[in-house]
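Structure first, then comments.
In this document, chain identifiers A, B, C, D and E correspond to the written order of the chains, with residue numbering beginning at 1 in each.
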Amino acid sequence: MTLTFAATLPDRGFDVELDVAEGRTLALLGPNGAGKSTALGLAAGTLRPHDGHVTLDGRPLVHAEAGRTRTWVPPHARQVALLAQEALLFPHLSVRQNVAFGPRSQGARRREADAAADRRLADVGLASLADRAPSTLSGGQAQRVAVARALAAEPRLLLLDEPMAALDVEVTPALRQSLKHLLAEQTTVITTHDVLDALLLADEIAVIDGGRVVERGATADVLARPRSTFAAKIAGLNLLAGTWTGDGVRTTAGEVVHGHAPGDGLAVGVPMTAVFRPAAVSVYLDEQHGSPRNTFRGTVTSLEPRGDLVRVRTGHLAADVTPQSVAELSLVPGAQVWLSVKAAEVDVYPG
Amino acid sequence: MTLTFAATLPDRGFDVELDVAEGRTLALLGPNGAGKSTALGLAAGTLRPHDGHVTLDGRPLVHAEAGRTRTWVPPHARQVALLAQEALLFPHLSVRQNVAFGPRSQGARRREADAAADRRLADVGLASLADRAPSTLSGGQAQRVAVARALAAEPRLLLLDEPMAALDVEVTPALRQSLKHLLAEQTTVITTHDVLDALLLADEIAVIDGGRVVERGATADVLARPRSTFAAKIAGLNLLAGTWTGDGVRTTAGEVVHGHAPGDGLAVGVPMTAVFRPAAVSVYLDEQHGSPRNTFRGTVTSLEPRGDLVRVRTGHLAADVTPQSVAELSLVPGAQVWLSVKAAEVDVYPG
Amino acid sequence: MTSLVPGPHRASHRPSGTVRPAGEPAVGLPRWAFVPAAVGGLLVLLPLVAMGSRVDWSSFASLITSESSLAALGLSLRTAATSTLLCLVLGIPMALVLARARFAGLDLLRSLVLVPLVLPPVVGGIALLYTFGRRGLLGSSMEVLGVQIAFSTTAVVLAQTFVALPFLVISLEGSLRTAGTRYDVVAASLGARPTTVLRRVTLPLVWPGLASGTVLSFARALGEFGATITFAGSLQGVTRTLPLEIYLQRETDPDAAVALSFLLVLVAVLVIASTRTHRRVR
Amino acid sequence: MTSLVPGPHRASHRPSGTVRPAGEPAVGLPRWAFVPAAVGGLLVLLPLVAMGSRVDWSSFASLITSESSLAALGLSLRTAATSTLLCLVLGIPMALVLARARFAGLDLLRSLVLVPLVLPPVVGGIALLYTFGRRGLLGSSMEVLGVQIAFSTTAVVLAQTFVALPFLVISLEGSLRTAGTRYDVVAASLGARPTTVLRRVTLPLVWPGLASGTVLSFARALGEFGATITFAGSLQGVTRTLPLEIYLQRETDPDAAVALSFLLVLVAVLVIASTRTHRRVR
Amino acid sequence: GPAAGGDVGTSAGTTTLTVFAAASLQHAFEQVATEFEARHEGVDVRLSLAGSADLVAQVQQGAPADVVATASTATMDRLAADNLVGAPQAFATNALQIAVPPGNPAGVETLADLTDPGLALVLCAPEVPCGAASAAVEEAAGLHLRPVSEERSVTDVLGKVTTGEADAGLVYVTDVAAAGDGVEGIAFPESSAAPTTYPVATVAGSAEPALAQEFVHLVLAAEGRATLLNLGFGAP
């Protein structure tokens, strides 16, 4: 492992272990206040752990025991670049000088550093703004310059805290594409609220909630078979957790969900999770009876257009239906509905 | 109209006219640096126009001619609240005091102001953080407090500059839902890069690019029949502009696109736009011949997972295909492909 | 908000036993900075130590509790407090105008406001006499109104305010510029009138600068000698402040002067230490 | 970065003919602020005007170009410049340590560093004698090294540095606290060593505070009298700076003293005006 | 009695007499003032003490003084020239002495010893009274002194000597006496060449001219003389 990380910060209820292999990218997902930025701060050296250690390429960066810091490499000596959530461009330097700051600080000559800066600015599509003052940039432009500045520092470990927030649709795919290219060989931890970033950029995903890692795995696995509500929400899947009854999963609310089980021989009572896609869910105004299907009662909480379809949400489930259906059924927030899904569409697996 | 706005700022190449009717919400869309924040700043009074005027409820807020400001209502007297792109919570006040700042400044008693603040904090789901210092909030939490603070000021006109950036998937729909509710009667201008915000919150959309309004209309119309590339990109539609040839639209690149025309009697040579959904586009590795279809040659620039499908982009077009197709065709960025779409799927309209 | 450890511990790649709060931001101060800082500290502290070693501590108590010393101390504290208040009342608006208003001649005005800093205090006192004295610029018109300022306690306050005002103005102006106006803009857009913005946002945000400015001007007022003796004279209980008392003692009893200076220093350190200048801001 | 118009134009809801740059942020200064600011300005300016009205301009030129005046002026400029440099070298690290280091006794240290501000300068001079004088704390060890400070230009510089140092430290510390450390953290994470961070980020960001601090300490050094005469003595060309020359002239020719004071003020205003204290920062 | 103005003036039932005196006269005038108050029921004498040049500037600017006493005739003459005071009268003289640190480390015995180039000598500047006296003595003795510093006041010269910074200085007899153990005084015959005279006068604008005149009389009378002689001053 290039990066191994295990740290606690009792003040913030933070207790996380992570590792990232050389050249890989880990995406940290999780709700606001989960501890994503805290994890990055601990790795960058802008925060000190209460307990734990961080090592990079086998070199200990910090080691703390019960609040005593025993090893401490200061931030500038870590070769870890952190792009924070706020752009924080140095207000007294031009855009080019901002991006050249990392190379210059690491001993590059002005000419080389400026050339590197111009390359990075081109990568984020802002070569033409090189001589501007940061105060004259728009919010999204500033964020892109900050990305370029972090990349230009050529760190051993790159930490990106929501680099895509505030970018426009036109530039996001382009930047995502160049990041994909640039991060190919780069050991990176990225936090994001956009599942596309994770899908496209990350080899692995860790979901943090309430200061703990609640889920961890290869990107495709986590998004296909999420175990946490949060991962399911980002993956856009419905997820119901409960215990195995022998032929289905009983949730704490007492609903039983039938679906594909991974095999026989499961003990009754073991924790299981049922997962299904919103597109597989149908919406009715009254209860349906018939061949094997799962039916859930709910109240519509929101309607969101989603491409050609409309996503209908009830408390804990989502269904994707056509706009016509919405019109025919007169779906509005507050409407009482039955959601149903064929057992064949439901995956059930332990966890 | 409640808000009428017409202002230029030659320094920034900004020249925009807008209006918003009482109680309506206007979404400003456009690429980074288009001038969205500039427009909001001019309305809020944090910037002065070179030429032009802003009136709210018939009351002139600013009137300038050739750089001379002739009428000027200072920001605090405008009843216009601006939520900027950065949260900028007052660092010396608690979260509750931050939110209560608007009501207090407008003469409310401490108790009323605190009660109002607590209500608004509950709206954004952060009632439990009321006594925290802003420096102890996560990025997303801070942004939500800033939303609450702007709402608590109960302005005649609310200006929201990307209020949803940096929010997690879990809270975004909830906040969007409460904003929808809160903005129902509120005259609002919101800037966003997320088409869902526009779809759900805005009655009308104005697309700004390079400091000018390039498109303007009811939300549904603009997204269904975008005239600008940018609107089309956010709407997720393909758009090709050109001139009418009698049976199709000829683009500047020389391609001819066939589709539904709105009727007969169109003069050859008039500007026309062809629009079609990515889902209607098929991808082939060699050119197809046969019944009426449009075929375009292109190089794959990116592949993005999008729900159950993968969006394949070439220079100016997008196609949504199944992951299986991607695998079978070995699509990777750089691959040469032919995109084809049936004429029946293409809408053509003037503009 | 910020905390940085003293050098020796910071850059250690080797284990070390430092105890410091977890979670604190941890960015380094260059280690070499502690060397000149220590030299500077010694330059200021050694003379104090040397002075302390010469004080005749046995007679210290009786000396500083003599009637004339106590009268001078009381007068000094009263006048310095009043002048500091005046400096705040006049200086905060001046700093705001210098930092944020924009009109022709502002740069010249800024330089002129600094003049009392550079004027030898006695010359400052003469200038004040030329202005507020009986035969001064305003003196005759004020005499008509029955006001006579020179050689009264008012004159002491005026002299102290004159010399101390630039300290407040300059250090507050620097802080105002460093802080910028982003938060003020937000406050205004929430409906806060300029006065409310000033009271609830601008001043709390520049609190460290305001506090240093206040301390600087209080200290300068407390130590003021030259302008006072020239403009206000040296009458016990009326205009003879502690520095004037020290000056007089020195003519006849240099040891007593040193002891009284120690009293002055003590008072200043107590007053300054009781004002927390470093409220947490961010 | 910031620009605010004088009151009368700002809050006008009626048309008015103000010309001001478009695009500038426009947040108000309370209108009433201009009243105390003007009073404060007058308090400082009127005495200068009164002084100017008493100068005998016909003999002004010959007076300020006399040999002794020129020698004193030259010495003053040289020593004040040197002391300001010393203040920067010692004071910047001191301000950094006070603002950002954290160790026991820091608060006490901060109060002690202020002591030269409040000490009557003459007493400061005595304290310096007790320290660096022949029989002082360090004097004997220095004599062994063959260094004699007393009655030399070095003593003048030392006295000026002693009194001027706190000015730099206090105003810079206030600015450092106001600025916070967010940008420093970013710079460190980009690989900049603490010294690089200091040079390329911290100091440029607190430029307004550093500039005011420098101006304050230069002005204080230029006007320094009491500590110099006590510690360094007064010999033409060696230790007699312009303020000492002014005091001496005053004994025989008060008009000449006022004229020389004018020269001092002029020089200070020129030097200060040529240092731009208000670089745009944000 | 009539108020002099501001805070300086009458408090209930008492008359205030304000005396401006050179700082070196502090002890002498305190004793005279006590005596004066004892003789004049209801009169409060207030001393304002500063350097002679300060006193002159203050009186010129209309300070509410009744009596002024300076340490040199030159300064008093400036007031007389402006008709701001009544006729000045000499009430004391003073003579120079060589002041050396305790133990006389440089072994100074005569005025001629002060020409030793290795000796750190401090004098008053010629612009101030004690400096003028030093220059006169120097000329009378036909010596050429090279001081390391020309101080602005006697106090500054004494300061250098008491701290041992200077090996010797020329100050007044009274200053040596007042400094106690801090210095040793060495009398020298050439000092008679330059006696310094202390003048006192009533201030023209005084609100209490009669009382002021009585105070001047007391200073000049035998009682005042005795006090001054006790402190080392000579008779005029």
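Assume a contact is a pair of C-beta atoms (placed from the backbone, for glycine too) under 8 Å apart; a residue touches a chain by one contact, two chains touch by 3 or more.
In this text the structure is predicted, and so the values were computed from the model without any measurement.
Undergrad: Measuring between Cα centroids, which chain is at the maximum distance from chain B?
TA: Greatest centre separation from chain B goes to chain E.
Undergrad: Since chain A and chain B are copies that touch, just let me know if over half of their interface numbering is common to both, same, or not, different.
TA: Counting shared over all numbers used gives more than one half: same.
Undergrad: Measuring centre to centre with CA averages, how many angstrom lie between chain C and chain D?
TA: Once rounded, the distance between the two centres reads 13 Å.
Undergrad: Roughly how many whole angstrom separate the Cα centroids of chain A and chain B?
TA: Each chain's C-alpha centroid was found; their separation is 23 Å.
Undergrad: Express in whole angstrom the distance between the two chain centres, defined as the mean CA positions of chain B and chain C.
TA: 53
Undergrad: List the centre-to-centre spacing of chain C and chain E in whole Å, with centres computed as mean CA coordinates.
TA: 34
Undergrad: Can you list the chain B residues in contact with two or more other chains?
TA: 45-46, 74-77, 86
Undergrad: Name the residues of chain C that each touch 2 or more other chains.
TA: Residues 1, 25, 27-28, 122, 126, 130, 136, 182, 185, 188, 193-194, 197, 205, 247, 250, 254, 281-282 of chain C each touch two or more of the other chains.
Undergrad: Quick check: what residues of chain E touch more than one other chain, meaning two or more?
TA: 57, 159
Undergrad: Would you pull the chain B residues touching chain C in the complex into a rising list?
TA: 44-46, 74-82, 84, 86, 88, 90-92, 101-102, 105-106, 135, 149-150, 153, 155
Undergrad: In their shared complex, at which residues does chain C touch chain B?
TA: 1, 182-183, 185-194, 196-197, 200-201, 204-205, 207, 281-282
Undergrad: Under the stated contact criterion, what part of chain E meets chain C in this complex?
TA: 5-8, 18, 20, 23-24, 26-27, 46-50, 54, 57-58, 61-64, 155, 158-159, 162, 178-179, 182
Undergrad: Please name which positions on chain A make contact with chain B in the complex.
TA: Listed in rising order, the residues of chain A that touch chain B are 30-34, 36-37, 85-86, 137-141, 144, 161-162, 165-173, 176-177, 193, 195-196, 199-200, 230, 233-234, 236, 277, 279, 301-302, 304-308, 313, 333.
Undergrad: Can you list the chain C residues touching chain E in their complex?
TA: By the definition above, chain C touches chain E via 122, 126, 129-130, 133-136, 139, 148-155, 229-230, 233-236, 238-239, 247-248, 250-254.
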